[in-house]
Amino acid sequence: MLNNMNVVIIGGDARQLEVIDTLSERGVQLSLIGFDQIEEPFAGVENHTFSSIHPADVDAVILPVSGIAADGKVESRFSSEYVYFDEHWFMNTKPSCTLYSGIKTNQIEKLIQKSEKRFVELLGRDDVAIYNSVPTAEGTVMTAIQHTDKTIHNSHVCIFGLGRVGTTVTRLFQGMGAKVTVVAQESERLARGYEMGANIVPLSSLQEENLEDIDIVINTIPSPVVTAETISKLSSHALIIDLAANPGGTDFDYAKKAGIKAKFVPGLPGIVAPKTAGKIIATTLAKLLREQHE
Amino acid sequence: MLNNMNVVIIGGDARQLEVIDTLSERGVQLSLIGFDQIEEPFAGVENHTFSSIHPADVDAVILPVSGIAADGKVESRFSSEYVYFDEHWFMNTKPSCTLYSGIKTNQIEKLIQKSEKRFVELLGRDDVAIYNSVPTAEGTVMTAIQHTDKTIHNSHVCIFGLGRVGTTVTRLFQGMGAKVTVVAQESERLARGYEMGANIVPLSSLQEENLEDIDIVINTIPSPVVTAETISKLSSHALIIDLAANPGGTDFDYAKKAGIKAKFVPGLPGIVAPKTAGKIIATTLAKLLREQHE
Amino acid sequence: MLNNMNVVIIGGDARQLEVIDTLSERGVQLSLIGFDQIEEPFAGVENHTFSSIHPADVDAVILPVSGIAADGKVESRFSSEYVYFDEHWFMNTKPSCTLYSGIKTNQIEKLIQKSEKRFVELLGRDDVAIYNSVPTAEGTVMTAIQHTDKTIHNSHVCIFGLGRVGTTVTRLFQGMGAKVTVVAQESERLARGYEMGANIVPLSSLQEENLEDIDIVINTIPSPVVTAETISKLSSHALIIDLAANPGGTDFDYAKKAGIKAKFVPGLPGIVAPKTAGKIIATTLAKLLREQHE
Amino acid sequence: MLNNMNVVIIGGDARQLEVIDTLSERGVQLSLIGFDQIEEPFAGVENHTFSSIHPADVDAVILPVSGIAADGKVESRFSSEYVYFDEHWFMNTKPSCTLYSGIKTNQIEKLIQKSEKRFVELLGRDDVAIYNSVPTAEGTVMTAIQHTDKTIHNSHVCIFGLGRVGTTVTRLFQGMGAKVTVVAQESERLARGYEMGANIVPLSSLQEENLEDIDIVINTIPSPVVTAETISKLSSHALIIDLAANPGGTDFDYAKKAGIKAKFVPGLPGIVAPKTAGKIIATTLAKLLREQHE
């Protein structure tokens, strides 16, 4: 139990409700900022503003997955007003106070340098990235079903990258009966792709491949790898789904010109499975707070 | 090649375009009724009305998946006017002329008795039902993703029936990482469910099961098997997806009262994968016309 | 509980020990014939000879999987002497007495006609055949590993028949990463093979196929389907594993002449997984005795 | 093509035949030492002794998977006499000459230091280790089938480690229908195990687990992790298969005392699938020689 920890949760979407639920179950003393519109209030968890929380008692501050925007705004779906991060307040939290956020925005970067507080980028953790790859892959399936008129079963799917997301996407599409080709750079990634039963192509020899039969291209490499040359070899019915971080790895302009459907689909976990995505963050936070506590 | 066969296609949706495409490729002489709005006309395939086709030359008549309605109407998505089946015209087709339709409606039943023509109910064929089970299962996945906030991976899915559709749905959900329980009547269905790695429950002992952990119920049995008693044991977040033929096998009224989401989702193949669904019908028709031809 | 049922078990191998175990647990009154060498005697279960059992009390007689040989001998691995079935004794059992055996030998056929007793051929039941297909398939895997110098993963496996055994063998080899081609006769079998992700070939068009890449042929069709013509098209390193009932479906003479390894491997469940195989029979017998009891 | 490369192959088993085959196909000039008993000589490849090869021409020396023993002996299955590595000869090879071996023995270590030649430990490469994990996993399956009397399907398998071998073993046993529990240390390994559908247990909390239902323990961690405490919690029918490098990670003495079957099974790829294992080495060598060539 984490009874004597004081934790402030600032803003967020449906995923943060799972965090509140999980942490309050484990006995954490929670104060919420930006949840005034919340439908079902949690027993024993109070709504606050920065001014109603004494910073010197605070052990941890939890931000939404999206962190703090350049103007200091913190996304907060369940608040009637905009929520802005109070930097001054944060400077006065306990020296050991840790800041948790999904991603590390520039604003957070600066804040950490100034405050010298500990910071944890949750989505950067390998375990979280792997757990999150599951809803990401299911979101990719949904996108594929919605934007094609053929089944995934027996379709030819070409997946770029076999990292944390690519591995899961590969397994899922294979589990659904697709014929998967993995395109990757490192020889051990290709070896794993082979072991998983995929057809494998080194990124460096992609230009020699015939891509006419490919129904769906799925990109997970955050680098410009789905080039105009590659796109020009796809058939007109092909669909490109780009999962890689903004701006993706696809030459979208070329795709548009060539008349190939290309979808950039960020943030899938929060969209297709907010409960699961929230649970992943909640469980990780519970573990990290326990470690911080010890 | 089926060069000297005269076939009339009357109405239909996107699936029928695959049929036209496939049959004209194999050399069939096609006449279309109800396709005047079609975007891309097929080379060498002409639009007609009943009066412009000489019935005595006709070897086969192909209706849409939905057959003929009680008032004689034939579904025709690509026609600017309603299309009504001309019974008189049909009576005058060759004695060997065969009528093909997805399902056998009452109207078709009567027509067949009167005309003494051969009739083939395409969706009633085992092979077609199995091929169609693939897009049906993917449509079920789409429904599940859209109506739950958790991943299918690691969810508990209870599937009623292990026939042509149930077997495919079971494999697909397992391939996506769900924990599947199969509920069926016959001991050999249960044995197959076990071999497939599912948890198995005889329909007759369902009432002894704890169903609280079930996230999704999928019914494929065209009989009232998802009863009020069963529904009352589900948790409030459970989702019921009923695939069985109209009116399904779920006590929808009870589900509504109990606040359990229950979706009746007919016609999935034509919705989620019209091209695949059309291809299935087209390939089967080509095979049957060849057999008729020989 | 089956407390007041008197059941006589005559001979058998390790599988019958599971039967004894299971039935005695459910309270059946068991008498054993042909188990005098048994290592660990079962509590409360006694060894007998025909003469020490009063036939008029007997509700059921359980034979080994192999039934009764032409000379009346009953296989009995745990007996120091040959055991011969006492027909006269059997004629005097209760009129309702049922005879259970794995297969129906000629000797049993005659016995049943003469005695007019009820008979159940356990291995002929669909559920038992499906449960047994699992150890059969694993035995096929063991045979393949032992007789090839390549991995099953990424090998090309051609499976004849998609019945109860063929379906399980297909799934298992696919689960191990093999590329499977299913050869079958009926269109619905081929449809199921397609849905399972296999390459499919109608038996009637097998002669048009190139079989040079095939590493392993597995036959489950009890008919001469793996013909000289087919074998002549295999590469010299190919392995044929024939599972079909004696004499299999392979032209073994031709294979020998052609220098292609061909293995006829009957009775795999009892060899590779006697405990599982015994459990299957035991569970089925318990169920059937309960039904007989009611 | 690698036409002007001079490569000497010294000793080895069936796997080396694949290497000879592959490299001579690519045009490498091969000289063999220790292959005098070879059944089918390779076209254009000659048998030699060290003295018949001019070292100053040699671009690469290929040793068997097992390297060089402490006494200088080189394993050579196809030689009528023992083969000893001629260090002096090797010192006189081209400065750019590279030594290839499966593992790096002490003797090789010393040789490399003395000669200052480039050395590649083939089995240490990530890609080779992953490709090799496939025959290793199939060898594990064979071991499991041979030493248990139950099917792998539906058995409870506990796998220690989710590295290159553990991942493949997990997938294979799951593909065969086993219920897999993964025990690992790092949180990202556990996350991947979860994504793969396994039950997961952190190594640090293994002592809290009930292990009574486990049928098979498979260890891939080269550290003493299958401790007496763990073994004491297994049921008497459990089987331990230890794959980790000599001396494995199992307390074999304790297992023996406790009456639990424990098998240490090194070198599986060369045993169960020498052709595949040879192909893996051959393909990698061809790639490395090409890189060396450029």
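Observations, loosely collected:
As written, the chains take the letters A, B, C and D, and residue 1 is the first residue of each chain.
Heads up, the rule we're going with is that a contact is a pair of C-beta atoms (placed from the backbone, for glycine too) under 8 Å apart; a residue touches a chain by one contact, two chains touch by 3 or more.
Owing to the predicted nature of the structure, the values given are computational and were not obtained by experimental measurement.
The chain with its Cα centre farthest from the Cα centre of chain B is D. Rotation angle for the C-alpha superposition of chain A on chain D: 180 degrees, rounded in steps of 5.
Chain C and chain D have Cα centroids separated by 37 Å. Centres computed as Cα averages put chain B at a distance of 51 Å from chain D. Among the residues of chain D, those in touch with two or more other chains are 134, 153-154, 177, 194-195.
Residues 125-128, 130-131, 133-134, 167-168, 171, 187-188, 190-192, 194-196 of chain A are the ones that touch chain D when the two sit in their complex. Per the touch definition, chain D reaches chain C in the complex via residues 14, 134-135, 138-139, 141-142, 145-146, 148-154, 172, 174-177, 272-276.
Residues of chain D touching chain B in their complex: 153-154, 177, 194-195, 197.
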